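One chain, subunit A, appears in both complexes that follow, with subunit B as partner in the first and subunit C in the second.
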Partner chain A sequence: MTTFTTIQPASVAQRIVWAKANLFNTRGNAALTVVSVGSAALLLFLAVRYVLFQANWGLVAINQRLFFIGSYPQDETFRIWIAVFLVVGLIAVTYGIWAGKLRPYLIAIGVVAAIVLTLGLGTEFRIEEHEFTDVIESAGQTQTVTGIDSVLVVDRGWAPSWLYAVSLGLAVPFGSTWVLMACVFATLAGGAWVGKQLSRWRSNPIVLQGIGALWVLLIPAIVLMQFGVSSNSWESAFLDVLVFAVGVFFSFFIGLALAMGRISPYWAIRVSSVGYIEVVRAAPLLVWLLFATFLKDELGPVGEAFSSIDLVYRVMFVFAFFGGAYIAEVIRGGLQSVPRGQREASQSLGLSSIQMYALIVLPQAIRAVIPAIIGRFIALWKDTALLAAISLVNTLEKSKKILSGQTDIADGAFFEIYIVVALIYWVVSYLLSKLGSAAESRLGVGERR
Partner chain B sequence: MTENNGKEMVRMENVVKRFGTFTALNEVSISIEEGEVVVIIGPSGSGKSTLLRTINQLERHDGGRIIVDGMEITDDIRTLSKIRTETGMVFQQFNLFPHLTVLRNITLAPQKVRHIPQREAEELAYQLLERVGIPEQADKYPGQLSGGQQQRVAIARALAMNPRLMMFDEPTSALDPEMINEVLKVMMELAADGMTMICVTHEMGFARNVANRVVFMDEGEIVEVSTAQEFFTAPKEARTQMFLDQILTH
Partner chain C sequence: MKEYLSDLWNHSNSRARVVNIVVGLAAAIIAIYLVYSIFSNLFDFRFITGPYGSPDRSSIFVALEVEASDPRWLGMLKGAGNTISVVVFAIALSSFLGLLVGVARLANNPILTRLGKFYVETFRNLPLLLIMFFFAFGVFRSLPQIQSESGISGFLYISNRGLAIPWLEPTNDLWWIWPLALIVAAVVAMWVRRVREQQEELTGRVMRGNTWGLSIFVGLAVVSYLALLLPMRITLPEVVQSEAGFFSYAGGNQLGLGYISALVSLTLYFSAFIAEIVRGSIQAVPHGQVEASASLGFTVYQRFTLIVLPQALRIMIPALNNEYQNANKDSTLAHAIAYGEIVLISNRIVNNAGNLLQTYLFIFVVFIITNLIISMIMNTINKNVQLK
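And then the complex of A and B:
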């Protein structure tokens, strides 16, 4: 019989031995190995070839702005930039305080900044308009037609096309605002440096609470900054992020309240919490979104008041309350995982119920379910795709509009557009899961029991 | 050896506790004086833990009266919280807060419940850690300590509230044998300092040498209360004799 080993062999000779023993030990196994490695290699080759040589990224490139902020008024973009700087700065400072090494991080930022910035200086997109004359034959008659044909020209400057393709994902968000872009990188680096200086006091509750408070205030601050710009012009990725951020923020607190409600000593609170959770989870989010869209006076004055709110706010409301029902169940699981002895110890020390939950039970409960909470947040983020179904112009809807509205230059670049859409969803999901595992390992301190 | 200064610390009168139809405490009455060390022993399931837990109301009693340090337990939350701050409890499973450092485990309740300033609370914590023999572990997390060390932190945590009564529910049962003595030593010192203590324990040496009185429980009832001396040499009840025969031959 074969012995299977998963230990990484060291030398090439050992590798060959290992491969012979595990991958080519029988004829069937050898065939499987060849087929699976071969098809993986083929897929990779096709993908790389497509990205580097076949895809037409021009359409994506000239529509950067539409992808990210849609038709947000040009004069008001400073509001978004302020938000970007707040978020980026806070991420950097937090990273600096709690992450280990600064140097690899700074080097990575430097490399990315160099690529993106030089690429930006070197690349230019423009639409050239050519007059054309065509001769059309119809019903036996020849006719001469003249018109204007738009052609998208991508001038890559000095940058080789592969470099352009690789860094496209990074270059896209920021259009041609290269000065601002440079400032973003500077903020990322500087913030981390500041954080590093602060990290000396990172066990000080003031630093911890201060950073925590800034994170909690961040989302309301960003939303408040949007007042003055009609919610009708919130579009594309900006809309998705905004709905998601507000949804996450409130769904967490709603979920917390519902989870606590489920274990309340008061019967009425318990029953209504359970009822709420069950009802909300019984229908898909899309259905709730449709209710929020079409509700008029069905619920009397409540419905009227609700429907008089901007649709975007109604949608945020739905996201918060829908997400909250799921978060509540996750937190309930966490609460159950905290041993009863923790409550008894708290009580025997004379802590009040509120102190017991705030200081002892909830910190442990939430820590235990961080991966599950992050999972819910990632799901909520991807659910923003549903906004397309209720006539809000999210990233997905915008990309469709780009494809259908710019047929003269779209040139069948469907795949390219949807790759970018997928990339936007992926980047945020990925950052969230990274954030989750970082939080888990940082907060897990001392929980070796 | 009983220091009879006459002040009553705990008084239970006909206390009844039921779990559903099962009666865990059946008309239990006992009076414990200030400075006394009382050891409760008895077979598993006899209601020893339940008795302790009704005193600080981790379990509500269904009948009878419980008076702690002159305060009768009622539905009044303020009295209850006062009683809980005055009674320290040490559990078999330590029940330290795993997400807090040893220091924070100890300072939390004094700061939050007694409103002692942080600096003062920390000073007190260091003193107590010194007293239980582990001054160097303040910044560790409970999970990084041995069982014996954890239990000593748990004792320090309870003492930080400056309790008038300490209750121990099998404090050494979850410990490896070599760690039992370090915990018993702390308990003996505490007894020598005049702390009123109620201990559920299977440590017969401790009962014999430290206890003023021994309470024997069986099936939710107090079968016998006698001095440690009498208890081990001349038990009055047949049930006590049987129990002693069982555990002493092991």
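And then the complex of A and C:
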């Protein structure tokens, strides 16, 4: 349907021709152009005016630590830093191996590093106190109220406060955190370089399997590393990421097992897999989460044992088993897409059924549904927001706490807080969806025309 | 003995029997254990007759507001009704908005398509609960106070207590017959329309099915309205001040913050997904169809409504079915913003009476039934739009 050219022409005259052909070719289209340019300009104007002049970013700036790790014990943060370095290093190496060019990536890293590492220098927070007088009218009487209103002000070195806040708190004042951030960027760049050197052997199965194994081992490693810290202090974005990581890891394997169960030659396994998948998918995730929260002794000794586990682990359990039921359906679609001849050929070659599935069928099936699986993972990531509904302090719940606890410092700053929380969720799911579409084009799935 | 066991395992027939018996027994034991746990508190369904306890007045329909004196079973049914009343409107609104955005993404205007993409990418990548919190705890809380009377005076008011809109009010005891009469009128009108259209197809005479159907519907509606002695009238909202000086709405219908936030967030969130479905299915219609209809002299509007959309519907409906069921299930998130839907009501009951399994079994049954209804409706539509 779309017939316009997306390539921008070079000269001004060509631009006018292009605009005439695409924007003002009919009267209706011209009207559409005017309306949409107008509304886009209005939106942009409102957004810019809000970000630059109206918003009070102080509340965001001072709570950046709370947004990311909440009340994680100060002297245990090395655990989180190790996890960050592992993840960042692995991402960089993987990117270096499979990406084509390194230069744009390195330039982007450099720019972001320059911004993040210089932005926070010289920043300070202080609270300014203003006297205020309010006239309150209620029940026909007027009352005059005076008091002191405290307003949080970000005293910045050179960067405007909004830039500091919108950088999601990655901008840090000089100190140990600053050094660690610098190391993160160094890892991002160095890892990609190492990956580039390895890319010579990227068709070598040892490299492939090694990287795959590292990715698989990464999540248990991160989780095991948290065992020194009470699960009560897992909070905010860190909690979201942790629940997401565990959910992704286990739901994939549970889904794989269920999908294989659905096509098992034994009817008892088939029936119980189908029954499990349908029952789990029938109720919303929130209902399962609430059920896991409220369950005490209703299910006899099993329920009691389950309810004695920490709430966070119960939630992870629900995420794994709920996500697994959905992943199973996705993988089933992939299994159905593998041509029958593949199975027949491997059987005629004398492969056992385990060999047939592990070596022939499953690699093709999973390859076909990688974009769909990533889609399920995006849904799982967004579902971590639901922890706010069951009294676990994730990013969303933390934002509510920040808002309710600090209204005297900056009242009505809910917009700023929610924008930052939304950015945290949005950035991750957007990056994941980009990964999905990259996988789709790389694997050549779903091509049309 | 060992030989016997290996024989049992190595013959495919006996192996199948062993696996089936072991797995089947295990699954049956788990299932029986669950059912037993539910029904061993059981035959303790007595709690559902106890009083619900606290009022929940957040419904769009006055009849669905839960009173403190209601028995718990009635409270749960009303909660289910509240879920349905937000889901139905959310599905309708998000389908409409999604259709607009999806078509906008395919328009011949590069700026409009980018606006559409911006909309979709924004709402598709945000958690629904965040959008709900944003509206419930942010936007609607910061609306003006009730005494400022903002809105269209005498017709519609909006404040931080909610939205007041014109509504229908029963004037006599037999008002409930009228909605039933409307349904009967609609069925009769559709039947007449179909019969006349069939005749038109058979004989070739112009039978004006649409006109006949519409006029029969309107006629029956008016006649029954008069016959029931004007059972309903429109009431308009107004802001009144009590003697003690407190402001409140009177007349019309008040939509609570929970209801509006849930409706707006569900609509925004799911319209982004529906827009993607609409876009995908329109793109899947072969381009030759558009070219052929253009060469036959159809206008752009006719091309879209008569050629492209009907074919796109065929592709779109299974995906829409899925998305509508998701919307139904995700409406439970509204309990976190204190909208009195089924999960909120059930949680109150669990807190008061402690019958977790029975109450959650009810939620479960409600969702199975509502999802089945959605998929039945969508399958019926699907059957009607498929090629015959």
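We adopt the following convention: the second predicted complex is superposed on the first by the 365 of 449 C-alpha atoms of A that agree within 3 Å, B and C clash if a C-alpha of one lies under 4 Å from a C-alpha of the other, contacts with A are read in each partner's own complex, and residues count from 1 in each chain.
We adopt the following convention: a contact is a pair of C-beta atoms (placed from the backbone, for glycine too) under 8 Å apart; a residue touches a chain by one contact, two chains touch by 3 or more.
Owing to the predicted nature of the structure, the values given are computational and were not obtained by experimental measurement.
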Query raised in the report: Given the superposition on chain A, which partner contacts more residues in subunit A: subunit B or subunit C?
Result: C
Requested in this report: Name the contact category of A:23: first (subunit B only), second (subunit C only), both, or neither.
Outcome: second
Query raised in the report: Which holds for A:360: it touches subunit B only (first), subunit C only (second), both, or neither?
Result: first
Query - First (subunit B), second (subunit C), both or neither touched by A:130 - result: neither
Query - Which superposed partner A:429 touches (first subunit B, second subunit C, both, neither) - result: second
Report task. Considering only touches as defined above, state whether A:350 meets subunit B (first), subunit C (second), both or neither. Result -> first
Query raised in the report: So, does A:302 touch the first partner subunit B, the second partner subunit C, both, or neither?
Result: second
Report task. Kindly classify A:266 by the partners it touches after superposition: subunit B alone (first), subunit C alone (second), both, or neither? Result -> second
Query raised in the report: Can you list the residues of subunit A that meet both subunit B and subunit C?
Result: 448
Query - Of subunit C, residues touching subunit A in the complex - result: 16, 19-24, 26-27, 31, 33-34, 37, 41, 106-113, 115, 121-122, 124-130, 133-134, 137-138, 141-142, 244-246, 282-284, 287, 290, 329-330, 332-333, 335-336, 343, 347, 350, 356-357, 360, 363-364, 367-368, 371
**Report entry** Residues of subunit B touching subunit A in the complex
**Finding:** 56-58, 81, 84-85, 87-89, 91, 93, 95-101, 108-109, 112-113, 140-144, 154, 157-158, 161
Report summary line: The residues of subunit A that touch subunit C in their complex are 1-4, 6, 22-23, 25, 29, 32-33, 36-37, 39-40, 138-140, 265-269, 271-272, 275, 282-287, 290-291, 294-296, 298-300, 302-303, 378, 382-386, 388-389, 396, 399-400, 403, 412, 414-415, 418, 421-422, 425-426, 429-430, 433, 448
Query - In the complex, subunit A residues that touch subunit B - result: 339, 341-342, 344-345, 347-352, 355, 359-360, 363-364, 367, 445-449
